[in-house]
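What follows is a pair of complexes built around chain A, which joins chain B in one and chain C in the other.
Let's look at the complex of A and B:
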């Protein structure tokens, strides 16, 4: 008898759906993925639900409600390997911008009747709540990196996900450094690779959607932004996008 | 519940972008209540846009939706260009239509074949459908990939592309790179024509309503980024007048705001509305293909939205080929402009319908206020109306089929509640 296929479950919390959509965007590989894995729980794709426990849980989105803070604990119990996919699940996402102000002020802005809505003060990554086995970066994730993670799982090895900076990818791609040659502020030096350095290739500075790399010096880069003519306010805002709450980015403050 | 009461329940509705809930209450066989509940973990975009610089807005609003990020980028840059009084280059205007073509293709095919078609044939999902209809699913995936690759060529990647900015693009592909896509677009057009014939053969539930269809209308072209907001019931307004004619209500069962036309009530946006109001602006091949399968406008059967979606995909291929043919590289990818204080309005045709943005900006380019009305919150009330109207006939079906039919009716609208939702539960309760 053939070995049972590993079961995958895909979960969503506060997010845009873009990372789990990346699974459906693996157009050429989708049918073979479904041969090698049992897609057991993936509501965006199927109304059929296979009971857990699951071998792999892929989690998209950040924790923003009391209900979700409980749910993620149940999910952890039900998954052998828990992998977060994307900046929301890994760093709290763009919705973590509330973390500086608290959600009450924001809620009043969007909703006429904020009392109808239950929400937490902060948007937090999955790893703040449960143990996470692997974190896949990006806003959105790179679908080929996801494929690498799944292939590594089947082969029983660690996934090969580089943790160098976007600068290395620019060199590999042959893109001339925008900050050096044109004085365009760029988060590439402090941002983890994975996207393929697409922003500089399209003539703009990196905006940090893969989050802080290891061993970074954000304050030093912030100083360079000031020298290039950015205000302190704009410099801080540059770090406060899709990975705003990630350690390494979040410490960059208005008053240095 | 009394002895005469029946309860139908599905805990999670699948194959929609996002999660939420639905509740139907029947008393003596009559629908007394139908609610489409949205449990969004609120992400509060309109609040955290305040204080951001204008140039971040297209990147931030793209993150409302991973399926239609281009739509958010388009509505936001057009609104901000209005605020600053920026006129874009005509070639840039063409490229914006082109990236939108790519998004319509990937989004429409995703919905029509991976999310909606399985309902018509009784499959739990497209992977199971692929076992019996491998050619259809493989063709659809191929077409979807071409749409995604077009977005990626224009914007660096298919989800949250990086090139769109106020005034144009940060960077644009060369004419020869675009011409390099031509062959694949021709193939995509051919495959989509076959897929359109296939959806034309599906069996459609016999259901119609006297909808108010709302869409953009442009004097020369099928609408993407510009036009007046019109309806089949006499609405004809400029984008700036949107808030005088449409209102949003906050109701307890939904974390998405419900839209109505002031004084009239619910309305429908999306492919069916667009095609009903703009059939004359389609290109010939799409018109001919629709005639051949017997699709006539106005079409008031929401289940046939799948035909409209695939027809618009065919149009998007025709239009992309036309654009690539006519395109000549502008001298620079974006126009220069001066930032100034002001208010700007933008409304573009997202795959799921009109997407309205309004911003107030200060003299240095800081956002002072933002308002965003996505298509799904505009359709939400109409979805509830459909469920109410459908219920009397659907509840005669066996339990499982009834539940499935209600799900299918929700999927008619391709609800993208990911921007607004956490759990979508379907409950039908009979007293």
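Let's look at the complex of A and C:
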């Protein structure tokens, strides 16, 4: 291979590894990815490590410890383009539920010796700590969107990652709106597209895996959930999932 | 206002329907079969996921017989009618736009060797069954925009040119229908080959079929439909007279364009934006909204690039992105853009309103924003500020 391939590093912070698995899940495309990129640091896939600096850093997971907060700064220095992948890295993840309560009490319940645990009070997205060049949403990310970002990087173009609602994807694929036809509460109207609107296609309301769409109106949708018979608490809990701490979702409170 | 409807199939026999035929319910199946035998892919109403949508028909047994669609702002439910009506519902979430102007189209492929392939090789032949008056008007609006205007869209035009249309006159308007206000229904005006009126009750059930084109006449003759008697034609006409009295929703279009132009800074738009989700549902269910985005995608090897077109919406921020930023960043400006386009600027642009009164945007708005109410609010606010 005559030309130097751009080096990719994949990092993990507080997360379930699902987004890294989405990379491995690219099965058929992995060969052509490895032809065009050097997968230089990806511990989930290989112990073999090629030294940095790296052209692309893909970061999974949220910052939850003082150690994380220092490490991400080092990673940033080592990567030309830093791309966060998944709801943990872009919004704080499901573990950001502790942000409303603090971690001290949770630790007393979970750990026999909580004094051994060194943790931050809040789980926060990578962009709260370092400059991020691109955020790829999802819980987990959509592997085709990741491929699109990598292909765009190679072509030197902007990736086609729309920030409109999940509703657009439902309409494109021809799904009948669950909220209108069945009264099922759905986060689709406030959630960014990317998954292809999978859940509504199988009769379930959107869980908001891809986080807030641009210029969303959570309060109006929350009001609609109440009209559909949900309690205010149930409505708030619908927003408190993988992207609970994302601005736009986190403001939905029990008292409107 | 909506003038010069024209269908591309056959010759329109005259300005009015010249011949009326009578179809017993069993002949509807024959109609579908005859069209299929003639090489048409026949599309019509079927039930899917709790709603009536349009899909390919092989026989009349797929039709949503005996169902009604109960609609409200942000609400849609199917119910049993209990009378076995074939067409006792109005319009569902998806319009014929889906077939004439598909949601996603691959426009071209370019290879690194410089080979360019333009993908416009569609050569099918479609027949639509149960097209409502509002929908005929919507197709006519799209014809103006995509076929008869200065920018002819080959994707739409290819699908449109061999289209055979069986219209259905609406015997009962739905809760969100306001076609009577827009001059597009409940009776099919023009732009069809055959229009059916369902006559049901007092032990009778039949369809009076008006043929408007020679092709429509030919198909009706082929399935052995007899000519309708004067009494049968007059029964159908009574059904339609009654239908006109059943409208609950209306939109006063008289002078509306000027009222809207005088209200661009109206607080009504700000108030709507408090409820509006900017989710784009209204535009995607609208049978006349035609906006698209064009995306170029490349493969990892850098050998093949494709250009795709997909439905877009003025409610998406990227839609109004030009160099330096988006023109319409707020929800208020997006709702105002859409509302103003449908009811006012469309007239200046295409000589006809962009709204045909089908009510889909009201039903399928997740929070039930009602274009007829907002138009009335604009008027009211104008009157208040004038006094």
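Throughout what follows, the second predicted complex is superposed on the first by the 255 of 256 C-alpha atoms of A that agree within 3 Å, B and C clash if a C-alpha of one lies under 4 Å from a C-alpha of the other, contacts with A are read in each partner's own complex, and residues count from 1 in each chain.
Definition applied: contacts are C-beta pairs under 8 Å (C-beta built on N, C-alpha and C of every residue); 3 or more make two chains touch, one makes a residue touch a chain.
This structure is a prediction, so every number in the text was calculated from the model and none was measured.
Three-chain overlay on chain A, with chain B and chain C fitting side by side and no clash. Looking at the shared chain after the overlay, A:77 reaches neither chain B nor chain C.
By the touch criterion defined above, A:151 lies against chain C but remains apart from chain B after alignment on the C-alpha atoms of chain A. With chain A as vertex, the superposed Cα centres of chain B and chain C define an angle of 110 degrees, given in steps of 10. Contacts of A:255 after superposition: neither chain B nor chain C is touched.
In the superposition on chain A, A:51 makes contact with neither chain B nor chain C.
Using the contact criterion defined above for the overlaid structures, shared-chain residue A:131 touches neither chain B nor chain C, since it reaches no partner. The partner that reaches more residues of chain A, of the two candidates chain B and chain C, is B. In the overlay built on the shared chain, the residue A:189 is in contact with chain C alone; chain B does not reach it. Touch criterion met: A:175 reaches chain C, while chain B stays clear of it.
When the two complexes are overlaid on their common chain A, residue A:21 makes contact with chain B while staying clear of chain C.
Figure legend note: chain B and chain C, brought together by superposition on chain A, show a least Cα distance of 11 Å.
Comparing which residues of chain A touch chain B with which touch chain C, the overlap comprises 203. Against chain A, the residues of chain B that register as touching in their complex are 12-19, 41-48, 50, 52-53, 56, 59-60, 63-67, 69, 106, 110, 114-115, 124-128, 130, 137-138, 141-142, 144-145, 148, 155-160, 162-163, 165, 169-171, 250-252, 255, 257, 333, 407, 416, 418-419, 422. Of all residues in chain C, only 48-51, 53, 74-77, 92-94, 98, 103-104, 274-281, 284-285, 295-302, 310-311, 313, 315-318, 329-331, 363-364, 366-367 touch chain A in the complex they form.
Residues 29, 32-33, 35-36, 147-148, 150-152, 154-155, 157, 160, 162-165, 167-168, 171-177, 179-183, 186, 188-190, 203, 213-217, 220-221, 223-224 of chain A are the ones touching chain C in the complex.
For chain A in complex with chain B, the residues that touch the partner chain are 12-19, 21-22, 24-25, 27-28, 30-31, 34, 39, 43-49, 61, 64-65, 67-68, 93-95, 97-98, 103, 105-107, 109-113, 116-117, 119, 139-140, 195, 198-199, 201-204, 207, 209, 234, 237, 241-242.
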